[in-house]
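One chain, subunit A, links the two complexes that follow: it is found with subunit B in the first and with subunit C in the second.
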Partner chain A sequence: MARKQGDDGNDTEVRNENRLSRRDFVTKGAVAGLGGAALAGPEGRAQARSTGTDDIAWDYDVDVVIAGGGCAGLTAAIRARDLGATVLVVDQNFDLGGRMLHSGSFVSLGGGDPVQRRDMNGESDREGFITADPVEDPAELDDSVDLLFTDLTDWSVLDRKAQSPYRYNERELVRAWAENCPATRQFLTDNYVRFARVNGTHGGGGLSRARGARCFLMLGDRTDMKAGTITAEDAGVADPERTSAFAPVQMTNMSRFVAPGAVGNGVALARPLEFSAREKGVEFMLHRSFEELVREQPVAGRILGIRARYSPRRHPETGELMQSYWQNGNVDERRETVHIRARKGVILASGGHAGNPQVRSMFYPAMREPAFPTSGLALQGQKSQDASALIAGLRVGANLAGMQQNLSYSTTFHISTRLGTRDAYTTMMPGHPTFGFRGSAGVNVGNAGFEEFIVVNQVGQRFFNEVRLPRRPGLNAYPGDGGAPGQGLEHTPQDWRNCRKEWVQEMYGHDHGLDAALAMNEGSEPPDYYSGPIWAIFDQDAVERTGWELRYPYVADNGYFFQADTIEELAEKIAAGHEFQRVPLKHLADTVATWNRHVDAGADPEFEREVDAPMNRIAAPPFYALSIMVVWHDSYGGLRVNGRQQVVDMQGEVIPGLYAGGEAVGGFNKHGLGKGHVHGYIAGTHAAGEPSA
Partner chain B sequence: MRRSGRNAPRLKPAAGVLGAWVLIAPAAAAGQAGGAAGFERGLELYENHCALCHQSSGEGNPPTFPALNGNDRLADSVGIVRNIYRGAGTMPPFPDLGVEDISALANYVRDAWENDFPEVTADDVAAALEGLDDAGGTVSVWDGVFTEVQANRGQAAYTGACAICHGRRLNGAPDDPDMRSTPPLARAAFLREWDGRSLAALFEYTRATMPEDNPNSLTDPEYVDVIAYMLSVGGMPAGPDALPTDPQRLSRIAIGPQP
Partner chain C sequence: MTISKVEVSPEEVDAGAELTLDIEVSRSDGAGPAETRLLIRDHDGELAASVELAELDGETGRSGAFVVAAPLEPGTHAWSAAAAAPGSTPAPFSFTVRAHETRVLVWDAPPSVECGETFRVKLGARCARRCRPVGWTLEVRDHEQNTLATVRLEDQVWPHTDALYYADVKLRAPDREGLYRWEARATARGLDASHAASVAALNLRVMATPECVLTVEAVDAETQAPVKGAQVVVHPYRAFTDARGVAAVKVVEGEYRVFVSGKGHVPFRSHCMVNADMTIRAPLVLDREPSDAEIWS
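Here is the complex of A and B:
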């Protein structure tokens, strides 16, 4: 459906370059938002005003162009297609689903949505898969749009870092979201997504009611989105150490929330939506990274389309171009750069900035450290969460919102308990083609595992009480019961007692270990003063105590796991074998010796470990090192949008033809999928309803 | 510092003593269970015997001396009576306390501070202590106290109900990285936490609190099956007989390190 213009079969990269050279752009000043050069000087600016955008050679022409095929993008695509628009989705990855695909599929909506009502009435799903009783009491499911709106703009609720998750939310954005939650739940259900029993609420989804449900498929003899079934092999449950190209993350047992034989996670959300989008005629240009918006004038006029660059993802072992699981609807386009005309609108759903250290530094300079990537690195690739929407939006005059809200959710950045892999957020086993990018699945030791070792920085020095290092602060809490899911009825919204000083002092629970991990040390050098990698150091006795399986696929010879007969040798191996180890771990041997003396004395004067857990000597060879990752997971600051998901400029005016949703937008501190799906639903609705330019 | 439960001195009650308790129990139940006098007696006993470690505030000094204020384990009335009588983990036994004093003390800690657990009558105390007089005494979780079939059943129940939070390896590491870590349910860290307690305590605690979002939603056989699975993952051997659901019998199986 995407009309490819001038496609005579002879296009080559060379010819494309000739037709749309960088020099042409600068000379003609034709296109706004194409980088600094065109806008740099007075000449370019004047020419841009005078000549307009008539000279752009559009390679494709559709009604709605969507940057990003994740939870916001796929939802927007289906919605716009349902309303009659032609839709082309570009995505930098080789397959669809974005981070939704490796998520837990916990979709918090609410406002009296159809799944809340279903569980309230004790009903099964329409296909009759669900035989488990509702988890939540009916009163916990008795929700309304007004209550949801109140919850998510509540000034009085604090989290255990004493930060306020809802106070700074954009009212118009949240109101529109709340009003569209019930319709979006129905929409997802109508597109083959099956929701298990409601079970609590995901972070940022309010306190008053239970609003979250995970997605499921039923194990069967074939994988069929229409039937709602999946084979054990495709689900990754046939072998505990293997997953599939269909499910990058092994699906988990959902019997308690559905029925025996149910499995779930983001696969049961992303694949059904993708299947539906392809079935309905949405088209996809994969391996294609969104770069720039094309606007009539640099910071004025309508958004006309996008420029996107070829971003091939090649198989880590064979080097071949990787292929998406399903192919129907794919547009095989390999030219370096293409321009795509959007007759009705562009929807930015290309994610946040968690993978862009330079943009991250705006929020936390120490997180400019490139040793620490964002989540889902192997699956999503280097261009994931690269702040492309934020950067392109700024270039055409967009405003930002909620820039401080990155600091208000406890998984935004955290220390992962999955050790020994660079891709430490995601569970992925061999069987998915991108496993090679991580090389090892990692060893998830849990918080309790941190009692078994010491943790050192890049020069081999301890820096924090290890037991407290991985602890994440609790989510939003109100007086009485701590705000656990299923107890929302005790919550009084907008009550001053929710944040009275005495309560906050009582519930405060942040250990700041992550901040110590990012601290400067002897190896930090100007100008960036990188803190460097951090390492768990332990011995064979710790392995005996814990049962950690230090073998493939959990660990591998990939620079994130080391083993040696002496501590000195271990330090040398780390320094030689880890890509971000910039200095030798010169203190490691002394640190271990000192630790062993502390163990013998029964006290750790530096970090008071004896207060929290037994201390064990590190003395029985072989000795081991596992990498510990600081993960910046999700993004909250981003483009400012209104209640129609239209991007708003610095003057408070809508940028015509430009929409954004999900992690590309700011001003809405709600974690996860529930935000993205509703944003996509709203954006798809309004973009499809625009007059055709 | 930490004394192993297996090495803690234990005092087996003599049959004659228990008989006497049973005889006086009705009078105690009718007369002075609960009430202001019982609470004052409990406070006196608490300050004499318990406050050194658990503090007058009930806040304790974790992890060595657990807080009693807000401690869900106090819900297990049988467990608390027995812990007072014969000790538990680092806690010494108090064999000289009679039925009435144990009742008063149990009621005090279950009712003091912010606690609000129901009353333990002298009858209850006598009944709880009577179970100790059964032949056989205490065995260890290492003595083959569950069957392999039961552990396999437990794995299925665990995977459906527990793994989402406690992780497929029972080490407290959920697969979903958005979820927080939880306590390990097997191996050394688990044994350390539960050292000196009985399987009855574990059973009652689990049944009363888990799954966190829907406690007591499994059947009793499922709960003991899950416990059997936890033990098997921790390397404890299976035996000829399955774990029972009877807390009295479970109370005679002690959790402790490998002999």
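Here is the complex of A and C:
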């Protein structure tokens, strides 16, 4: 197991004595040539790297070090541990699961995986929880590795934005992924994960077959991962306005896909995996941000380990250090910096770059705007998705892959319909310790709700037809409407007709409202020309038409919701009270007056709203403003890896001892968990099989 | 002792609001015993305030920040500060007083009225400094600036607002069809402080007497159940469906775009020519956005 050395040369207290050796351990690693220019870290601070040192004192020593405890990291950890390796996972957050924990748990695999076969045969799960009939016909589940591989490298498919979701995928990576899908599904099942009936496929998961299934637990009188049960309180279903420390997002009814009493979401995936990992002896160093790789030479030789920095997350109200739900296996390490030696390998699973405005701006300069965060901000914290893997990989010579694919997935960045909260891509409610970082749950007005207001930019001007702002093009997935003329069994992979010009012209269906939201305006100033925040403006009549509940926990006095007697006062309150409002909304009163004239005239000459939906005056006091968020959700560009998840350098050579998976990796335009779990499974397999350094 | 500096903040202040002064003095004149009291006089020489020096260190002294009430009359005001000792030379300083910003609002105006029809609207006024404008006169003028109605504000704050005072007024529509632009304006009387004039638009759509009834039946597209509370917009006419999912809209003959929407439904849209009573069935499709589970896993 991991061995630890204290700052003063004495062993420091550890929580899990049977797993951590108390022997003194100091390694003066043969690390040379760590010289180089100071590089900007994830937070933009300059970090002096060790220069010419050969005396790194390793604070911990394990077989496999994993940066990140999300879907790829936890899977890799369990897999490597199963194969006999000692494993230490570092994670910047206070709890495990990453974004998997408050995901929808939709795991899209395929290739004839065990759950597809189970449903084809009309069978229940091995515990007999599932009594619901299969949702998909057997023919829709009749899959193979070859068909899966073909689907995910299909050059011919375009989406409704006329972009190619599969054309640019790395072929070796996808082939290995497809071959490991069935084994990964079995692996997850063997680690207490229960899959409901297969129902469709996730975006980027192919058009030909149904391959996705969500995870579930059964409501019961105790929360027990081995038994597959959870209490209503822990599941967050006892009170519609509460979540729990166990489940940051309320679990949803899964009876249609399982049986009465089944609930599901990412909790039913992340918590069982975490439980299994802890049970098997994986160790976790939380509040610890992965910072740098240690390589024998700057861009040559083997990866020896990592440097990680203390990143305590404190309770938003009490200021106390937050604690993970389960504690066993935790390494309570609070030194500022530690070096962890990896005798077999390092696996980078610390997520993507959607939370780093400087990095993501290389794809879309307007997204340098810090007002718009990545999803799950409250749960994950400011260091989530901070491009740490990408930055560290580049420092040791890694290559990149699929960076342009960030622009090829319809939910990568979008306008959320949940208004009045900065953390707009989650349904977290009070009850989870990080809700205070969110402050308000927001009001989900849906797409239809956008007809009830006008949307203005940072200077108070409208910029687009509001009802078209939140629309997203369809997903490229079975049985979606992602653009191909044939779907499901009717789909012919790699057929030129899928992207025939005439067909593409016919099916194109993308509104560019998000781009208008991010546009420069007269409040934009150099050098970044930020677009600034955007606001939904409406009146009391809209509240009465819709029944929106403008009260806690949906809205709060946190700078993302304002109410005023007059439009002028509303503009003043926004300017004074919102953290990213840099200029006054000087046009707001005129904009509303003009809008009211348009309503009375029955026509909106600026944006033609009258074509799509009714228009309503904004006249009845009080007046309201809810923030509207542009959300950059996940990442599709990242480190280049081969079929063994080994990171590849700029010369096409493997970097020995370095693996990566999930959103840290590029070249695989597949959304969500299915990608990360299989990457973790492959990486864990091969890292554990490395010779010990 | 001479006044060496008078700091005034803000330089532009609302009538009657707080004005902060900070005065520095020098005592290099060697005058007798220390005089520690300063007198502030307004433009008429009337005493506005007196203050003791808070800091004295030999040759200089300072009052520290203190607050006086700004005058109630707008404009530039020239005041002075001087030591209380007889014969002291006053030091002038100035600042600008502005009238309180006021907003007039008009709401609950019907989307359309028939020629000559009487109707009601709500008028409100709000002072940016939250003055109680009780007794103010609100006036409605037509497109030719004829006064149509006047109403005095009572001590009633509109629900859910902080300081919006309101009144209800009855008006009569013109006898000819058209889109009229009327206005409501406030005349601030009876308050101590000056208030800026404010005007709000009242757009009025005057229609001929409807001949036809357009009945809309809103049903859920999937279940066929009536949808209560859906909004029906047949510009310029508007209505909401009742418990049976039905709204009857009286319209003049003509071609219309009909929207039925709300309550979480995708807007139903239809074009129709209305030249007699007619009924439209509007199957409403629930706005089914992909759930978080579907788009984020």
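Assume the second predicted complex is superposed on the first by the 633 of 693 C-alpha atoms of A that agree within 3 Å, B and C clash if a C-alpha of one lies under 4 Å from a C-alpha of the other, contacts with A are read in each partner's own complex, and residues count from 1 in each chain.
We take it that contacts are C-beta pairs under 8 Å (C-beta built on N, C-alpha and C of every residue); 3 or more make two chains touch, one makes a residue touch a chain.
None of these values were measured; they are calculated from a predicted model.
Partners subunit B and subunit C, brought together by superposition on subunit A, clash. Contact with neither subunit B nor subunit C is seen for A:Gly684 once the two complexes are overlaid on the shared chain.
Contact with neither subunit B nor subunit C is seen for A:Pro248 once the two complexes are overlaid on the shared chain.
In the superposition on chain A, contact is made by A:Ser375 with both subunit B and subunit C.
With both structures placed on the common chain, the touch criterion links A:Asp612 to subunit B and to subunit C. Once chain A of one complex is fitted onto chain A of the other, the partner contacts of A:Ser416 are limited to subunit B, with no touch recorded for subunit C.
By the touch criterion stated above, A:Val135 is placed in contact with subunit B alone, subunit C being left untouched.
Considering which of subunit B and subunit C touches more of subunit A, the answer is C. Contacts of A:Asp565 after superposition on the shared chain: subunit C is touched, whereas subunit B is not. When the two complexes are overlaid on their common chain A, residue A:Gly532 makes contact with neither subunit B nor subunit C. Applying the stated contact rule after C-alpha superposition, one finds that A:Asp600 touches subunit C and leaves subunit B untouched.
Note on the chain A alignment: of 113-121, 149-157 or 185-193, the part of subunit B that runs into subunit C is 185-193.
Annotation: subunit A residues 104, 106, 202-203, 249, 252, 265, 375, 411, 417, 425-427, 446-449, 451, 470, 472, 545-546, 602, 612-614, 633, 671-672 touch subunit B in one complex and subunit C in the other. Residues of subunit C touching subunit A in their complex: 101, 103, 105-109, 111, 124, 126, 128, 158, 160-164, 179, 201, 203, 205, 229, 231, 233, 235-236, 257, 259, 261-267, 269, 287, 289-297. By the touch rule above, subunit B contacts subunit A in their complex via residues 1-2, 63, 159-161, 163-164, 167-169, 171-173, 175-184, 187-189, 192, 211-214. Per the touch definition, subunit A reaches subunit C in the complex via residues 99, 103-108, 202-203, 212, 214, 249, 252, 264-266, 375, 411, 417, 425-427, 446-449, 451, 467, 470, 472, 475, 539-540, 545-546, 563-566, 568-569, 593, 596-597, 600-602, 610, 612-615, 619-622, 633, 671-673.
Residues 104, 106, 135, 199-200, 202-203, 240, 249-250, 252-253, 255-256, 260, 265, 375, 411, 416-418, 425-427, 444-449, 451, 470, 472, 474, 484-486, 545-547, 602, 612-614, 631, 633, 671-672 of subunit A are the ones that touch subunit B when the two sit in their complex.
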